[in-house]
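Before we start, here is the structure in question, set down as structure tokens.
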Amino acid sequence: MKIGIIGLGRMGANIARRLMRDHHECVVFDKSADAVKGLEKDGATGAADVPGMIKALPTPRVVWVMLPSGKITEDTIEALAAIMESGDIIIDGGNSFYKDDIRRAETLKGRGLHYVDVGTSGGIWGIDRGYCMMIGGEADIVKHLDPIFKTLAPGIGAIDRTPHRDGHDQRAEHGYIHAGPVGAGHFVKMVHNGIEYGLMQAYAEGFDILRNKASADLPESQRYDLNLADISEVWRRGSVISSWLLDLTASALAKDEKLADFTGFVEDSGEGRWTIEAAIEEAVPAEVLTASLFARFRSRQDHTFGEKMLSAMRQGFGGHLEQGHTPVKKGD
Amino acid sequence: MKIGIIGLGRMGANIARRLMRDHHECVVFDKSADAVKGLEKDGATGAADVPGMIKALPTPRVVWVMLPSGKITEDTIEALAAIMESGDIIIDGGNSFYKDDIRRAETLKGRGLHYVDVGTSGGIWGIDRGYCMMIGGEADIVKHLDPIFKTLAPGIGAIDRTPHRDGHDQRAEHGYIHAGPVGAGHFVKMVHNGIEYGLMQAYAEGFDILRNKASADLPESQRYDLNLADISEVWRRGSVISSWLLDLTASALAKDEKLADFTGFVEDSGEGRWTIEAAIEEAVPAEVLTASLFARFRSRQDHTFGEKMLSAMRQGFGGHLEQGHTPVKKGD
Amino acid sequence: MKIGIIGLGRMGANIARRLMRDHHECVVFDKSADAVKGLEKDGATGAADVPGMIKALPTPRVVWVMLPSGKITEDTIEALAAIMESGDIIIDGGNSFYKDDIRRAETLKGRGLHYVDVGTSGGIWGIDRGYCMMIGGEADIVKHLDPIFKTLAPGIGAIDRTPHRDGHDQRAEHGYIHAGPVGAGHFVKMVHNGIEYGLMQAYAEGFDILRNKASADLPESQRYDLNLADISEVWRRGSVISSWLLDLTASALAKDEKLADFTGFVEDSGEGRWTIEAAIEEAVPAEVLTASLFARFRSRQDHTFGEKMLSAMRQGFGGHLEQGHTPVKKGD
Amino acid sequence: MKIGIIGLGRMGANIARRLMRDHHECVVFDKSADAVKGLEKDGATGAADVPGMIKALPTPRVVWVMLPSGKITEDTIEALAAIMESGDIIIDGGNSFYKDDIRRAETLKGRGLHYVDVGTSGGIWGIDRGYCMMIGGEADIVKHLDPIFKTLAPGIGAIDRTPHRDGHDQRAEHGYIHAGPVGAGHFVKMVHNGIEYGLMQAYAEGFDILRNKASADLPESQRYDLNLADISEVWRRGSVISSWLLDLTASALAKDEKLADFTGFVEDSGEGRWTIEAAIEEAVPAEVLTASLFARFRSRQDHTFGEKMLSAMRQGFGGHLEQGHTPVKKGD
């Protein structure tokens, strides 16, 4: 299939490459001319601008937008809509908010355009490992795009088959699903990321407890100086908590058990926040996913104002003087 | 009543003074001779050591121990037990762990001594406001000590009577209760402190949200620069969340709305921790009380090791580079 | 001042009565003719419909809307806007979302109308205790309405003055504040309610721990059968955690220590949810307020689907068979 | 190696079988004669009682105790200690509390006996997949037992090697580690289980959010009826959150997407609780692990007493009547 790709960052460029390896044709555009040139070397047709890309595509045109969510994605889709024709298809493969998908699809529908949202997981590893895709949109359009998804997905590979899968949609075993109508793809990807935060925080807390078991604040007879690299490695084999995130953790700890290259300033992105808002809208208790988000918020501050209030109250009722020293660098 | 008091810190000294104001006689001892002299000026009989205090008391002797919980309280009670006689009474008015009370009472019982645990709330304000007391021990012994408790308690005062109290134990309305057998007093006080942490954290988070509504990270049209001092003051009048902790908060914010004297390094004490352990033993979910304790743990660290792990994992799967800058000083 | 009031529920009717007691004149309307008649008996002028109310008011007209937040408030404000004249003032005293206030004020401004949002706390007790009010809007309009707010507010009363208040806005000590521009009143009230959830949950968890200390699951030597009514009463006197919510708790427990009239099905309203969303927008960690909201979500379900998943996983890796019996009725 | 095994439940029997498959000799005992007979069929030497087993073992004797933690393990170890001889080795392969290990080893040391604690993960799958083992004890004793551990461990298998492992202890890559002195094995296993709770709860909450996206309480345009079986399957391929727990989840959902065989009554065991206590002792914030434990506590109750208190307070300040109906069966 011949497809246009806008946005040649880490994800977009690798998606183009994986498609071309499987003999799809890519017409690519990025605001960085160097990024376009880089892909041309790998066999893509470079476009100088969005209209140029559109002209180079056969109808019905298919354009995959792979840009940061927010204004730039919004503007790009509007620009595409202005020049694309009835029957053409816009894919948003980024991390848009699913309610934006619903709104956009409604607008585009009025012009005869189709909109497909694809939640794409796989990070920098996807080019070789394949991309796990959660797709929202009209069933026939998603079916039309199947060759693209099949190529990008990991495929069945060496992973053990899940029992009882007979009779279920086979696409899931190949690493992509048609999750539902427009927005459903990004909604499922959003929850995926919410879970990701929770899993990461569970490991983080566990290793924090292991590491602080050597703390001088504990009675000497109850201290252990544990080897975190070996622990993460052993848990990869036969334990209940083996996972890909643990594989990555084991790799980081094998390289440097102290993680001295990191300060512990942790970003969050839209999906983690939207997941909690979805939980609230549905009245679903989601303690763990929320605590994971809040831990990241807290990690980016020196002290909260709330903590000062606690100190002020303690002085108020108990005359407790706050210790003057700076925070303990336990994380080091 | 004539009573011995060991430990003349903030709490012990004021308890002695409140007792003497109501014509009880106090024999006092503290390892600081100056502290003893200070109380002598207020009418107490100073003792040079523990045996000296014991000699100065009529039988059955009553000694109130008001020391930090832990080794010093333990040692003092052992020293008392060694020289006191059958029928004498030891009161632990500090913040001992209730399981230690049970153990101690068992030991003392073998020697004919009585043990009473008194959880005492009121902080530096107690001398005038009175002390709220939660008492554990044998009913007849607690009854024998009633004159002491009556004096120390706040009394009915100007506080509105609770409806439906007729037929209930009147001591509660005077500010003290016989909670149950040995340990029950400290257990109730322990949970009191656990709740205290939760209330404090609820206010702290709320004010944090108010304060950060002025954050430059928000769209300008959605920012408010709120006056926290006025807000805390107005909530004292007719709102659902009025409380003594709010009174103290209003006072701190009226003095300095930025709380610039505080860094936000917040201590915790045994009671908060033991409350969570009690919840776990009882299989009672106690999210709020636990989160309040953990917020204090976190406040005393620069970064957790867990946060570094999050950064390491993010780099592992997404190639995300951690922002190099130091934590945002949002608390300032 | 002569004022129109729309919505004569528990809050609206009592607001009208408190205003009339202080010699303001009220023109009232409610979709229930009985509610209107009830107020007429207390001295109000009843209106048959909204236009009738408007006609009965002098210019610049002041109308206080006291309806459930959402569609009915929205519709009422639109209906008012259609017939009111430049310079008139609409007060929304309900629990609207502050972003709706901002939007509405913008629209009304185009027609020369003023919009004031008043977060009102005080519940069923406000008629006698006074209402704590957090007000958003233009400073001169809020000033113009001062006689209304002064009457409704609790006033200084018998509550101890906060130290350091000299030089601060005196309205706060009377129980009302001008929090900021439009929306600020409801924003502050929203956070008030968020804190309220947190305080309530802190008490709830603490009493749960007290109550389950009698559980037969504990070793017999560690059980206490505590008197919750007396404990709540004693904490009202001199303890750090005394509050109005504790007063209400003491009253409920004095009436029936088992709370047998309640099942534990706990509603939540918009403010609690919006508070968490505000925290997320501001990247403020708010564990306690969120856990309090989630505890309510959970209270309204028999079992979550997530809990079934936990059981399924446990069977998957450990062959653990789920206990077949129905949930333990610990709350009884 | 010839080894005694006490306790032939799911774990103990399979451990014996895996050892015998690799040509170790097992002398086995269980209070159930049938269990012993079952193992005899697989080649083990059955013992009629503990002394009989001891007699059948060459010195220095090695006995692996695989019983539920608590009294039965304690009693068995005492019984062994009474008849074993200097130089003999007792292995506790169950889930004992690590502080009990420290105490026991101290006692046994006085009699010349060695104690080794082995945290064993692998559940019902271990016989084929191998057991992930975390070992505490004296280095030379652990080395002496290496043939046993090597056989039981999963080995390197087909799992990708972690980069940077050169120079680290190779045992970890084979699936077992010598974690440290006595107790360290069970401590690491304890934290493993704490993390396990957190991971499980993260998935549970995420799927709960997915499932309730079909809720009739949401606006119709924002509902999705998502296929949870396909979602869990697709996430196994190339997504960031792939894991063994997800494999098990996918299997359960493929079998029955509604999980109708489960009620959602979720047990917890000692390790999850001890992990939180360790976090508290170390002052490590562990929100996610704690919330996961509390979710299980809550799952086993109909309503908490705390929830009734919330309802009572709401009635107190707002006159809110609790909805009379029974909890919504959202989990169904």
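Order of writing sets the labels: A, B, C and D. Residues in every chain begin at 1.
Convention: a contact is a pair of C-beta atoms (placed from the backbone, for glycine too) under 8 Å apart; a residue touches a chain by one contact, two chains touch by 3 or more.
These numbers were taken from a predicted model, which means no experiment stands behind them.
Which chains, if any, touch subunit A and subunit B both?
C, D
Interface overlap for subunit C and subunit D, more than half of numbers shared or less than half: same or different?
Same; most numbers are used by both subunit C and subunit D.
Starting from the Cα centroid of subunit C, hunt down the chain whose centroid lies farthest away.
D
Please work out the Cα centroid separation of subunit A and subunit C, and write it as a whole number of Å.
Comparing mean C-alpha positions, subunit C is 38 Å from subunit A.
Mind checking the centre-to-centre distance between subunit C and subunit D? Centres are C-alpha means, answer in whole Å.
Distance between chain centres, rounded to whole Å: 46 Å.
In whole angstrom, what separates the CA-based centres of subunit B and subunit C?
Those two chain centres are 30 Å apart.
Give me the residues of subunit D that touch two or more other chains.
In subunit D, residues 123, 125, 201, 203, 205, 208, 212, 240, 244-245, 251, 283-287, 291, 294-295, 298, 300, 304, 306, 317 touch at least two other chains, as defined above.
Give every residue of subunit D touching subunit B within the complex, in rising order.
Those residues of subunit D that touch subunit B are 240, 268, 273, 276-277, 280, 283-287, 290-291, 293-295, 297-298, 300, 304, 306, 317.
Mind listing the subunit B positions that touch subunit C in their complex?
So the residues of subunit B touching subunit C come out as 99, 102, 121-123, 125-126, 129-134, 153-155, 157-160, 162-165, 168-169, 171-177, 179-181, 183-184, 187-188, 191-192, 194-199, 201-203, 205-206, 208-210, 212-213, 215, 217-218, 221-222, 224-227, 229-231, 233-247, 250-251, 254-255, 275, 278-279, 281-289, 291-292, 294-295.
Using the touch rule from the top, collect the residues of subunit C that touch subunit D in their complex.
10, 123-125, 200-201, 203-205, 207-208, 211-212, 244-245, 248-249, 251-253, 259, 262-267, 287, 291, 295-296, 298-320, 322-332
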